[in-house]
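Two complexes come next, and they have one chain in common, chain A, joined by chain B in the first and chain C in the second.
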Partner chain A sequence: MLESIFSGLVIGAIYALVALSFSIIFATTNIVNFALGEVVMVACMMALTTIVTMQWPVLAGILLTILAVLLLSYFLQLIALKRLQRVDPNTAFMLTLAAGIILNNAALLIWGDKPFPFPSLLGERIIFHIGRLAVNQQGIGVIVAAILLMAVVDWFQRKTLIGKAMVATSLDREAASAVGINVNLIYTLSFAISALLAAAAAFLIAPFTFASYYMGTDIGLKGFAAAILGSLSQGRGAIVGGLLFGLAEAILSYLFGSNARDPLLYLAFILVLMVKPTGLFGLSRWQRLA
Partner chain B sequence: MKRMFLWEKGFIPGLFFGVLVLLLSLSTPSWAKDILIGLDGPLSGPAASFGLDAINAVNIAVDEINAAGGIKGDKLKVIAKDSMQDPTKARANAEELVYKDGVVAFFASTLTTNNLASLEVTTKGKVPHIIAGTTSDVVCPAAPGACNPYVFRLPILNSWQAEKLAIYAVKNLKAKRIALMYDSTGYGLDGKKNLEASLQKLGEKTAISETFNMSDVDFTPQLQRIRDAKADAIITWTLGVQVAHIVQSMKRLGLNIPVLGSEAITEAGFRKLAGPAAEGVYIADRMASAYDSRDPKVQAFVKKWRERTKMDEKLAVPSWSVTYYDAVYWLAEALKKVGLDREKLKDALENSSYTGITGIQYTFTPQKHNGRSGPEAVYIVQVKDGALVTPKQ
Partner chain C sequence: MDSTSPAPQRILIPALIVFLLFIPQIVPNVYYLRLIQIAAIFGIIAVGLDLLVGHTGLISLGHAGLFAIGAYTSSLLALKLGFSFWLALPLATVASGFIGLLLGIPSFRLAGVYLAMTTIALNIIVHKAIILMPELTRAAEGLRNIPMPSIGSFTLDVNNYYYVILFFFLATLYLMKNFYRSSWGKLITCIRESELAAHFMGNSIYRYKLLVFVLSAAITGMAGSLFAHLMGYINEPSFTWENSVLMLLMVIVGGRRELLGPVVGALLLIWMPQFVQRWDQYRHVVYGTMIIFFLLAAPDGIVGELHLLWNRFVSSAQRRRTIDLTLSDPVLVDPVRTLVKDLQEPILMVRSVSKSFGGLKALNQVDLAIQPGTIHALIGPNGSGKTTLVNVITGLYKPDEGEFFYQGKSLAGLPPDRISRIGIGRTFQTPSVSASLTAAENLLVATHHRARANLMTALLGLPEYFRQKQKAFAEICELLREVGLEKLANLNMSQLPHGYQRLLEIARALGLQPHLLIVDEPAAGLSQEEIAHLAKVLFNVKKKGIAVLLIEHNVDFVMSLADYVTVLDFGKKIAEGKPAEIQNNEEVLKAYLGHRRQPIHA
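Let's look at the complex of A and B:
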């Protein structure tokens, strides 16, 4: 059981990162960015090309990857928001979905259909044992890195002026605008932070999943489900949702086998949302204002 | 005068036409024609590498045979069609090859469903349906006389692989508690059934059976259950990407027991993805490692293969490509003996015996359309330094 809990936490920490990046965009713009999974994929393939194929120094590869996802997120934001500010969020969903499909197919054309091995940047060695549980560098590294990143984002949102402006915008766009917050800048910023988290998730998950054009679909879907489970509009809720989702996956397949896992998981998911439609940690609009 | 003029007007084009006809008839003398062989395979899409391997191997053999004088002066020519993963397309391709192009023999797709779809067409058209890739039992069952009379298979069968893997785990690796890991597709379920039957034959029971979905990436829960069951070997039945995930998850868990797998994971992708975690994995293969063979005939083929595919030194020639190569020579031998008559060709093929370049014996009789014979025909290879070699034990 212990091993499954540990591996569930590792994968869950990555889901949490993706869930948080869904929630950051949703909280400020009311848009679900369905291209997010593909942003993870693009980050992963860029890192693969620069660090593995072209043998760049790791840091240079990471920097270029970050630059690429920032550019990408800027374009996504242009597509989903700038030109369509007066269009309803449903249209924006579809636009991000379309952008995701385009990215997915472009990646298939560029990198082909085969998965590639992706090196662990954190090391693969087993550090110590707790009973039979072998704790390895990769696993611990993922959990620590994810928690650190999420803590930084959380601190940024709660304590800095820009972060507070983001929260204010998410609560009431017009009012925020009226008190002098540059709403467009806030939107751009939230897309950028979300993309950075997605890139981090890519680096952390690729050694487990391998790098391929199709890797984004699965992580995108699960990150989104995790965010819904926790709370799509509350960053902390999304994080807990991600961890719970990863844990539940691992424990359910340990107890009941992998075929029973998904039906049980999504059944629980439906039950939770029936009882609490805003997610486990979701607040209604009035609670958020209070 | 007038008649003369008309004659003159038609003279120049007429002359051209006459010369053209003469030239055409000279360039392809009626006594030398191409003998057409059809090949269907996934040449694009996710399974493309299998079909491309097939074409490359077949073309190496065809070029060699043609350079050595062809079939009594006639040249062999391959017409390749792409059916991707679409059985309807495989059927249409077979129809075109059999009825329009009039091929003398048909190399079926490496994918089982596509193979079965084209089989209906080729056998109705009485064209020898040659299987050099597919190992699935159903396309040509092993029981005497159970195979369609126009179908011939050169590779080993899945059930034989399962039996050999079970024997190897029990007898050579001395495993007492064997765990099975198989995917939830038809391939995996078929493997599970065969493995369980084979273990039962040996008087052994499966310690634990674990299944998973093709999209799974973390196998910790399954492996933990396998560890709880105190298994001392794992036989997998799935594809390369999944076994790569399994051996990597094992490494992270610190679970150190032998892993065995079916022929599907001889493909280079498995070793590339799994990296060092693949070391030591035992794999059922249709022939002894062509990779550490010192035989000059094998080395010549491997050299040509590398030139044609620009393949990485270590990753070795896939063994199914050797089967395609052998199959063309086997077919050519029969063609030399009996010519193009379909009925005679079929009779010649089902009374043939041929030794492939790696020393493998293919024997066919009217009752036995699988060239190889039983689990004894299956070899075990092992991953060592990223290559496939004959294991020490």
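Let's look at the complex of A and C:
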């Protein structure tokens, strides 16, 4: 049980990162970038190719991956927000869904359908024991890294001028534009931050799940669901949603086995929304509409 | 006022049906005949999905799950309990509709795109449930020997099962066509284009989204049953959420909001794999590219774009005829009907209402009493809290403190649609009418909840529904006469100038048969003639006995029309009285002009 909770926290920290990447884009642009899961996958496969296959230095591999992911996210933004004047959330959703499908298929054609083991970038030495639970560097590292990243993003959004401009843009695009905020730049920035978080999630999760062309779909769906569970429009809510999602997944897996895990998890997700339709920390829809 | 089908359709449709009847004679090959039937089944699903995606603006990525519920319910009833197809199919339809209802309950309290996630969740649950219950579903191995339906002792084969599918296919198209032409159809269009307006016209958005989702789910479940009995064999790979994406693609490729669009999309996407080598390897790239191509380059889909071309071709002659946009004189219609009997008591009482947004006090202890049959103006500088007050009265915002009574009844905690139905109509600062509907159709959205039409009679297109519709249109004509738009009833709102949209909003609010009409800056952006026209309209409204709360910046307009004036500044009421008193009130002058001590020369 203790092991489940720990691994739940680890995977939850990763879902929280992905949920936060969804929320950053949604909060500023009001659209969902449904290809985010596939961005995580691309980051994983790029890192794998450079660091493992081509034997690049780790740092160089990571840098190149980040560069590639930033380019990719810019490309996604171009597709989703083509007509910036009237962003239709449904169209943007379907466009990013389509882009995700293409990325997924392209990865299959490039890297094949086999999962690859991914080296732990954080080390696997066991640090300490709690009862029978062995806590290793990787597990602790994921949690610490995720918390650090999320704290930085949270600080950035709340305390810096650019962060405040992002909040202003999300509240009223026209008014923000009128006071001199470059709305396009803010959109690009939110896509970029989101992509960086997705890349971080990729480096952190790959040692656990292996790297494969199909890994992104699952992470993307769960990150999106976790963001809705917390609050898609508020970063902190999304983070808590991610942690809860990871914990629930590990506990359900412990109780009912890994086969029954996903359907029960999604069932719980729907049931929670029945009770708390706006997510656990969200605003009501009329509040958002008004 | 209902447009009849144009001549080419009247010939084309029967011809098409006759052609469809002879397909089994033309296509003797069983393989291709089955493929046609699969395409027709997916056509049914796509038509049902278009109801959500195209018409209501909701994305579902779980229709393969609903499809599975229909298919497995029907097959298991037939295989385990020996039910006949004719009983299993309706039960499968109901089962799928019921699951749709359960899923819709949490989903439609959420913003639009969230539905995509809850429907994916449903699809994953259903798909995994199939795999996890092998004793029931036989998982990957699949259910076999699902029987073909029989009539008496005669069992159908693939050749005559075609006619069963054709029947349900045509029936679905017929029902949907009727639905889109009914007031329900106009209502969901309004929900898609201006959800807030539809809500303020007395309609529970939640209920109608749920209705549409259940309908769509039921149609998909029925298609599942048809599919299972056609194939005789079903297994889990047919029901992954990837197939839900395929269904969505059919709608996009064929054309959203075109009755036959999704059918064309289904036909194309079911047949395409037949012609492409190594399809499985590349199909996702093809799907994704098609979605992006159509959404960006041809958003109306194949049928929609053809339709546009055809319209351009046919109407080029008509377009030279300019549209006559003259307003007719507003008419005072039926002044007695809405007169409030007891003229002593205020129609609306607002008592010390406050509302803050964060640190900003938008309303601070505001009192207001509106007498029946008067025009009561609410003025004040920008940001003084006028629209906030309207939003509190009409239920959009909850006040932090204070209460308000409509004809002595408290309105506390009621949602906007209830308040509209009780008798407060409103317009919006930025007109929010449905651009793709005609003037008359826009009004149907306001009269819909009162018409109490029966959905079944509307879907089936029974004469009773047309009688009701006739009645509704008679009322709508009156409403249009009241604002002087009756000659423009059948023009699309996108063809009408801005000022006319404001007039239509007033007619729409009057369609609620209100006792209080709230108009939010109706004169903004209007020409001098339009303002004069508007004054006449509002004056008539008052003569009918309806109280008007007029929010306006145009001082001349207010002073000539209002019986009472209330002035707000920084969320506080600073003055109240007859127009002449207000014009010389020092507080008001200060608020508007700073410290100049000269009266306004209105």
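As a convention for this text, the second predicted complex is superposed on the first by the 270 of 290 C-alpha atoms of A that agree within 3 Å, B and C clash if a C-alpha of one lies under 4 Å from a C-alpha of the other, contacts with A are read in each partner's own complex, and residues count from 1 in each chain.
The rule we apply is simple: a contact is a pair of C-beta atoms (placed from the backbone, for glycine too) under 8 Å apart; a residue touches a chain by one contact, two chains touch by 3 or more.
Since the structure is predicted, the reported quantities are computational estimates derived from the model, not experimental observations.
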item	value
Touching partner for A:Asn136 - first (chain B), second (chain C), both, neither	first
First, second, both or neither for A:Met274, with chain B first and chain C second	second
First (chain B), second (chain C), both or neither touched by A:Lys114	first
First (chain B), second (chain C), both or neither touched by A:Asn259	both
Partner touching more residues of chain A, whether chain B or chain C	C
Touching both chain B and chain C, residues of chain A	259, 262
In the complex, chain A residues that touch chain C	31-32, 34, 79, 82, 89-91, 93-95, 97-102, 104-106, 108-109, 221, 224-225, 228, 232, 259-260, 262-263, 266-267, 269-270, 273-274, 277-278, 285-286, 288-290
Touch list for chain A against partner chain B, complex	1, 3-4, 6-7, 11, 113-117, 124, 126, 129, 132, 134, 136, 138-139, 208-210, 218, 249-251, 253-254, 257-259, 262
Residue ranges of chain C touching chain A (in the complex, touch as defined)	53, 57, 59, 61, 103, 105-107, 109-114, 116-118, 120-122, 124-125, 128-129, 131-132, 195-196, 245, 248, 252, 281-285, 287-292, 295-296, 299, 391, 396-397
Partner chain A, residues of chain B touching it in the complex	45-46, 48, 184, 210-213, 215-218, 220-225, 227, 241, 244-245, 248-249, 251-254, 269, 272-275
